[in-house]
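The two complexes that follow have chain A in common; it is paired with chain B in the first and with chain C in the second.
Here is the complex of A and B:
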């Protein structure tokens, strides 16, 4: 709930401070509808990764590899279409399968070999990026995609950026999975008490495997949208996205220790980061200093730390009061 | 006027939430005395230790150390005042050497000071020699056996110059030879004027070692006697305090003849269970008695697929079972209410309703979509049925008392409509009222035809509740006795001796 107010305040601030009129009397900057759509368009990929990560983090796991997997999937998609001669839908379909398979690699290492997710995905983080670079020899970029494909990333459908519809569809699907099915129940239980879940007869290994495979699948979706938005598939696609996605998830109230978290929260977290990043770029001061990137990194970090502090503050305060008013024995 | 006792507890009270763990305990310990503390599980022994070692603050009463009343005892001040405790599970750092572990507890140096390795080793060697332990100070703790680790703990207590040493079931995992070594150490401590509080379930140890014995029951001290003034029967009377038949609901019907569960030569290498054979009939409560570490929980884990058996046959209602995972066990109608309910039995952070449907996801939510209304109804039914005291189905498990958590754990498994129910220490740490309610529920379930395996370290419970009692020891079934047997026979079988019942 707190985050919703933060988001509103943030948005209002940029609306006031980031909207200006140019010499010809046209409104430019944050307050324009075009800019708002732009924010939405740019948050789809990180948003998808955040959606992929929410179930993972609810099980008390982590997936650092999804940003790299985005890059690998973008390259695979480009190669399948460009070098493999597959039609776009077939290439996209195959890319989704490959993304799920890559997630399956994480899942296998984590559930079958019982290795810690942090280490496993740190390994595949390098592995996937390395594969992408090996395939392209670090130089090839796939371009010249057909107009019909670029429509997904650059045009509007029913008034909204096309990819936003995909993003919302995935959000709905993951939201239902997490909040309305026994799968989500199992994710939470595993996050809170992995041993307890086992003693309740829950298929802990299979459920854990599912969240990582799903993460791989969603990363592949994000890769295709990324390629369509930029019109090119390159090996460094999505570099560092996993950290923004983790930030959005944690900002959205999902506990990094597992057990609690929600998809609406993650969506708010994604929005809070996207608005901050884009809003800063509209501020005259920041534009004058040409420091939008640096400022957004700094403020995103500050926002995260503030949100974390705010979430534990009530508990600390009540503990403090309790210790001061403890009856003498 | 004799000298003031080393330690005197007066009217000590400790409550955990609504559970009154200690309700006015008087206890005193003199220098050069071994004072045994005896009581059933849940009588308040562990709580007493926690209060004396400063781990928990009492809610009332006084603690007097050598004539000085101490308030606000913390673990640090307790240690400084010369109180040392040796727990059942040694709390050493496994990757450090014996000498380093001793140094961590005994040396007080600043970060900048240099470590005198030679002195450190010499001291470790001297302390270990004093208790006659043949352990190298250079050995890593992880390479030591459990009893050896216990000896290191004792060396530690010695080294800290403790005047009061508390030993919590120190012989639970010791061999005969190691026990004798330990006894020698305890006698040596006594000779040097140390007061020893000795907790044990083994009566013969108490007679061999202790000077006085205090019996705790339901959080109260029910008597302190010199061991020369009392015999085993007297102690058991004090511990139990009431006739077995009066407190356990009687079986209303004899179990049927249909065999529900049958085990033949079941064993598991990893968990040390071997050659276990018995049958449980439908409607029968089959008790599993024995000492801690006898292999009862390990057997239950085999039956629940947690550590699969690697030999023998398990059949349920004539059908041979392969149990490789808890899902297998659940699918075949086996339910296991685990011993550690806070870690395994109930997910404390989740609502009661979620906990109750946790084992029936597949059957209760066949489409995988959650049915919140139906779940709530089911939870309300169980809450009423088992008389769970809670604010509602949405209350988290952590808001419940131990007994009510246990009922939630039980409800989860009853919801699976099992054919075999395994209860592992179902009333451990549960207050007396909830305990008798749980007993009634178990009786009722058996009457309805459920086969029940009841694992309990509470001797009167296992004797009073069971139709037959399987006594385990050393990973195998040592004897099968009829329900209502003499506690001494059960204990003798558990110890593997042929001890006759003491009059």
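Here is the complex of A and C:
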């Protein structure tokens, strides 16, 4: 809940400080409807990755490879369409399958070989990005996508950026999976005590496989949206996105040690980061210093550390009190 | 507890906000300049010129770009500027097609768009400030080579590759100039160095031993100049065989000061930034329109316009006297 207040305060601050009237008398900056849509548009890809990561982190796992997988899927999608001659829907469909397969590779290594997710996905992090670079020789960029496809990333549908609808649909689906099904309960149990879950008869391997395959699939969706937004597919797509996504998930209250976490929390986390990043770029002070990017990195980090500290503070305080009032022995 | 925190946050936000807005109100024309990457010394030197132009014109200059050359970030920055309602955007495009989507959107919302250094699609901007035409580079290189050799004797060329389009184009203009103006000079060899300094060095060494009468080596790819200089230095031919070519000041400073390399040719990046800002402001004020043939940019004087390209004109020669003023 704390995060909701932080988000509100953040938004209010930028609304007041980041809105100005320009030379032509037009209101510009943070307090415009266009800006709010931009924020939503820019949050979709990192938001999708954060949604993909939430179940993974709830099972006490991690997936560092999804940013690289976004890049690989963008390239595969571009190649299937441009070189393979497939129509856009077919290329997109096939890309989703390939994303799931890539997630399956993580899943197999983690569940069948019982390797730690951190190490496995660190490996595929390099592998996927390397593949994307190898396919394009690091230099080919796929562009000239048809208007009808760019509509998904650049236009509005029923008042909202088109891709936001996809984002909301995925959020709803993952939210239901995590909070309203026995699968979700299994993820939390596995996150709290994997051995216990095994003894309790849960199919731990299959449940774990599910979260990593799902992560691959969602990364592929993000890749297609990313390509549509920029109108280009390049091997460096999504570089570093996994870290923003992890930040959003942890900010949203999902424990990095597994066992607890929520999709609404993740959405708030994504919003907090997106508003911060976008709002900073509207502040006259930051603009004058030409330092929007640096400041957003710095403050995102500060926000995360503050949120983490605030979340453990009550526990530490109560421990401290308990030890002070403990009877002397 | 939570309520108190909320009140604190709000109060803090409002307080800070009022401080910030108080300092922000002015109504200058806002020009936003987007380099390929903002940490790159090349673009920092462009910014120096842009700052000077901004001061002279009394406009507000925003200078922001990706910290690395990242095409996606460029789009995000442009989209940010669109909602900020800047007046002019001047872009060095990292990815021609990619950035054009965002630039078209900017134009649609009434922002004037020009490009400099690296062009976008032609329908996404009004003018391109072109720092170097193949003809300008070719003639500049040949004229400087002639000046260094008193217009006579043998010389050889090191190129990146024998097939690259820009290299072929430059070579064509160099040879045309040679034929037209310098009959006593003779091009004895053209060797590729694959854009590698080591290869350039070994090619230059081979050229030196095969052509005892060689007076000058001209390298038209940036690793070629220091590569050739190293070969000449190691062969003990410093001064006897001159080295010059197309390159960046920093990687050649050492050889220029040691007297091995005489001239490094490129364009003046400060002037490029200066011209870009002047052109952008002129477009915004409707002083520079489609079809114009010339354009006057402050203290730099008049520039030619061909089609929708504003030409920076003659290349700039870096030598012992001025190379230390440049850092890229």
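One rule holds for everything that comes next: the second predicted complex is superposed on the first by the 328 of 329 C-alpha atoms of A that agree within 3 Å, B and C clash if a C-alpha of one lies under 4 Å from a C-alpha of the other, contacts with A are read in each partner's own complex, and residues count from 1 in each chain.
As a working rule, a residue touches a chain if its C-beta (ideal position, glycine included) is under 8 Å from a C-beta of that chain, and two chains touch if they have at least 3 such contacts.
All figures in this text were calculated on a predicted structure; none of them were measured in a lab.
Novice: Of the partners chain B and chain C, which touch A:126 in the superposed model: first, second, both, neither?
Specialist: neither
Novice: Based on the superposed arrangement, let me know which partner A:16 touches: chain B (first), chain C (second), both, or neither?
Specialist: A:16 contacts chain C only, not chain B.
Novice: What is the contact status of A:309 with respect to chain B (first) and chain C (second): first, second, both, or neither?
Specialist: The answer is neither, since A:309 touches no partner chain.
Novice: Counting touched residues of chain A, say whether chain B or chain C comes out ahead.
Specialist: Partner touching more chain A residues in the overlay: C.
Novice: Would you sort A:318 into first (chain B), second (chain C), both or neither based on which partner it touches?
Specialist: The answer is neither, since A:318 touches no partner chain.
Novice: After lining up the shared chain so the two structures overlap, which partner does A:182 touch, if you call chain B first and chain C second: first, second, both or neither?
Specialist: first
Novice: Just checking: does A:259 make contact with chain B only, chain C only, both, or neither of them? Give me first, second, both or neither.
Specialist: First partner only.
Novice: Considering each complex separately, which residues of chain A are in contact with chain B in the first and with chain C in the second?
Specialist: In the superposed arrangement, which is not itself an observed complex, chain A uses no residue for both chain B and chain C.
Novice: Report the residues of chain B in contact with chain A in the complex, numbered from low to high.
Specialist: Chain B residues touching chain A: 57-60, 71-72, 304, 306, 326-327, 329-330, 336, 338, 343-350, 354, 358-359, 361-362, 365, 368-370, 412.
Novice: Residues of chain A touching chain C in their complex?
Specialist: Residues 1-2, 5-6, 8-10, 12-13, 16-17, 20, 22-24, 26, 28-29, 32, 34-35, 38, 42, 141, 143-144, 150, 154, 226, 229-232, 234, 236-237, 239, 278, 281-285, 287, 290, 292-294 of chain A touch chain C in their complex.
Novice: Which of the residues in chain A end up touching chain B in this complex?
Specialist: Chain A reaches chain B through residues 180-183, 185-186, 188-189, 192-193, 195-203, 259-260, 329.
Novice: Please name which positions on chain C make contact with chain A in the complex.
Specialist: 2, 5-6, 9-10, 12-14, 16-18, 20-21, 23-25, 27-30, 38, 62-64, 66-67, 70-73, 75-76, 79-80, 82-85, 87, 95, 97-98, 100-101, 105
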